[in-house]
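Residue numbering begins at 1 within each chain, and the chains themselves are lettered A, B and C in the order written.
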Amino acid sequence: MIDVAAAAAGPVVLGEGLEKRYGRKRVLRGVSFAVPRGGFLVVTGANGAGKTTLLRLVAGLAAPTGGVLEVSGDRRDLGFVGHEPLVYQELTALENLELFGRLYRVADRRERSGMLLERFGLWDARSDRVSTYSRGMIQRLALCRALLHDPALLVLDEPFTALDEDGAGVLDMELSALAGERTVMLSTHDPARVEALATDRLVLA
Amino acid sequence: MSALTLYASDVVALARKDLRLELRARDTLPAMLLFVLSTLVVFHFALPTGTADDAAYGLLWIALIFTALLGLARAWAPEREGGALDGLVLAPCDRSAIWLGKTLAVLVFLTAAELVALPAFALFFAPVDLVAVAGVVLASIGICAVGSLLAAMAAASRGREVILPLLFLPLAIPLIVGGVGAGISPEGATYLTFLGLYDLVFAILAWATFEYVITE
Amino acid sequence: MSSRNNLPLLAFATTAVLGIAVVLALLVAPEDVDQGVSQRIFYFHVPIALTAYLCFGLGAWKALRLLWVGGERRDFESYTWIHQGTIFGALTLITGSIWAKASWGVWWSWGSNQLVLFLVLFLFYCAYFMLRFSVDEGARRERICAVYALFGVALIPVSFFAIRLASDFIHPTVFTREGPQMTGTMFGSFLVCWVGITLLAYVMYRIELVGKRTDANLRELREALS
């Protein structure tokens, strides 16, 4: 499935000797990895090993304090799911997707929002404020938000958190559909769940 | 669409989002309106009888500045919940548009408060002429432009409610000078020019530096 | 640290220059005809004020460089310059206050634009420290502090004009300290004082920078050991 010509152009994400410190506190040290186009990198590690920090670096939400990090493309090409849903709590799901769709210049944002909300089982709750959602519903909305602009690179920080079996099933299907077509970096405590999709693995210590 | 139209549409979308949130929650504007009215009433008792109108103008400005602080302290509250600010930082829009959108939204709130405060002031204390109103408009732009940036800084700190007035007041002194001068000086135009210059200098500075305040 | 540490030598030279400056200002320079002996504080007040501006300016310059090219080192340098600026700003307020008492009989005068400006700047830079101590260490803090330091240098000229404008309606009588033209000896003494105070600020900056870095390294070691 991997596009040979594109893969030859080099990795989509390349980290060499990455280091991140917050003041005196060192969170990451000497992390190196590469994800080719169409690759699927699974990041594992104990709590506090720096999985979240690493993914925030790749997403551009934080800058490394040492080492080299190259991410091809710009912010338009990146979809990110983090610990927080990154949406407005007092807007409805539809209003959130409309706002972010506009900022991401998604021309058919109405259709795509509708389709994603439908797929993730949020269509009936589309006009409810996010603050009334359960944890699982918020996580589903966060996934809709990340997929809205059909990004070439998906960075997912423990995306299965808080999802029930239904939600996790939908995410499984989405990831299978995207694997090979899109580049994915995913952190998880349950690597078995994405074993079949993974092309690369990174264990943080 | 040209880059400028896109930029403007981002700014409008962001500002409209804030207005929509305010219409829904109503937790900032009513507080500002009530605060500015209460302050003016308190000033009546704080001013000895027979005090000149000039002194009352000074108090008007204190009321406006603290009302603006009240609004600014809550300006980034919607972005703090749920990590929405990270969502905006990730979006491919120009980061300065986030600042400009917030500035416009706060300016709308402050203008609404002033629409109540100025007639009330004219009724309670002293007449307000056109130059004084122009002074209020120009100073409000400066207050919101600088204030929304400082509020974003304060939002990143631990003591955000306490720290915002400390950051803001030294920077607001020139605005108060310009505003009071426009109200009471016979050479109001000088003060209006000064306020316009302040707005220009600090709006450009805030526009250029906002990105650094919200990224790591 | 670097092997060729010229700091002790520099400190010694500064002490010498300052010693000469004190002698020149108190004994050699001719007495002012109008103000008498109290005018001699001018030789310290004005250089201290100019040095404070210089420190704030350098702090903002390092802040600009930090935003431009990055580097944790520049954050330390900016912080240390602003620290020195605040110390010299406080000294400006103290010496200005003494001078006001000597020449006008009051410890504080809103009519002195320079003093009022320093009061505003003192408040502004105190807020800088409050901000710095209430944001968690890291790149975010470096940048936020740098942006605030840049606002500081923009505030200096803007406040300067604001205070001049304000004195028109708040305090119509304008005090001037210009007085008669300085004689050659007076100007020479003034220059020596200025050089001395500037050197003092630089030496203090260097010492403080070493102290802050040592403190940071110590904490890093402690973190690594625990």
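Quick notes on this structure:
Note that a contact is a pair of C-beta atoms (placed from the backbone, for glycine too) under 8 Å apart; a residue touches a chain by one contact, two chains touch by 3 or more.
Remember, predicted model here, so these are calculated numbers, not experimental data.
Contact topology of the protein chains: fully connected, every pair of chains touching. Taking the mean of each chain's C-alpha atoms, the chain whose centre lies closest to the overall C-alpha mean is B. Chain A and chain C have Cα centroids separated by 49 Å. Between chain A and chain B the centroid-to-centroid distance comes to 37 Å (mean Cα coordinates, whole Å). Between the CA-based centres of chain B and chain C the separation comes to 31 Å, rounded to the whole angstrom.
The multi-chain contact residues of chain C, meaning those touching 2 or more other chains, are 136, 138-139.
The set of chain B residues touching two or more other chains comprises 215-216. For chain A, the set of residues touching two or more other chains reads 62-63. Within the complex formed with chain B, the chain C residues making contact are 67, 120-121, 123-124, 126-127, 130-131, 134-136, 138-140, 143-144, 146-148, 150-151, 154-155, 158-159, 161-163, 165-166, 168-169.
Those residues of chain B lying in contact with chain A across their complex are 6, 9-10, 13-14, 17, 20-21, 24-25, 78, 81-84, 86-93, 215-216.
Taken together, the chain C residues at the contact with chain A in this complex read 72, 136-139, 141, 216, 219-220, 223.
For chain A in complex with chain B, the residues that touch the partner chain are 56, 59-63, 74-76, 78, 80, 82-91, 95, 99-100, 102-105, 129-130, 138, 145. Against chain C, the residues of chain B that register as touching in their complex are 54, 146, 149, 153-154, 156-159, 163, 166-167, 169-171, 173-174, 177-178, 180-181, 184-185, 190-191, 194, 197-198, 201-202, 205, 209, 212-213, 215-216.
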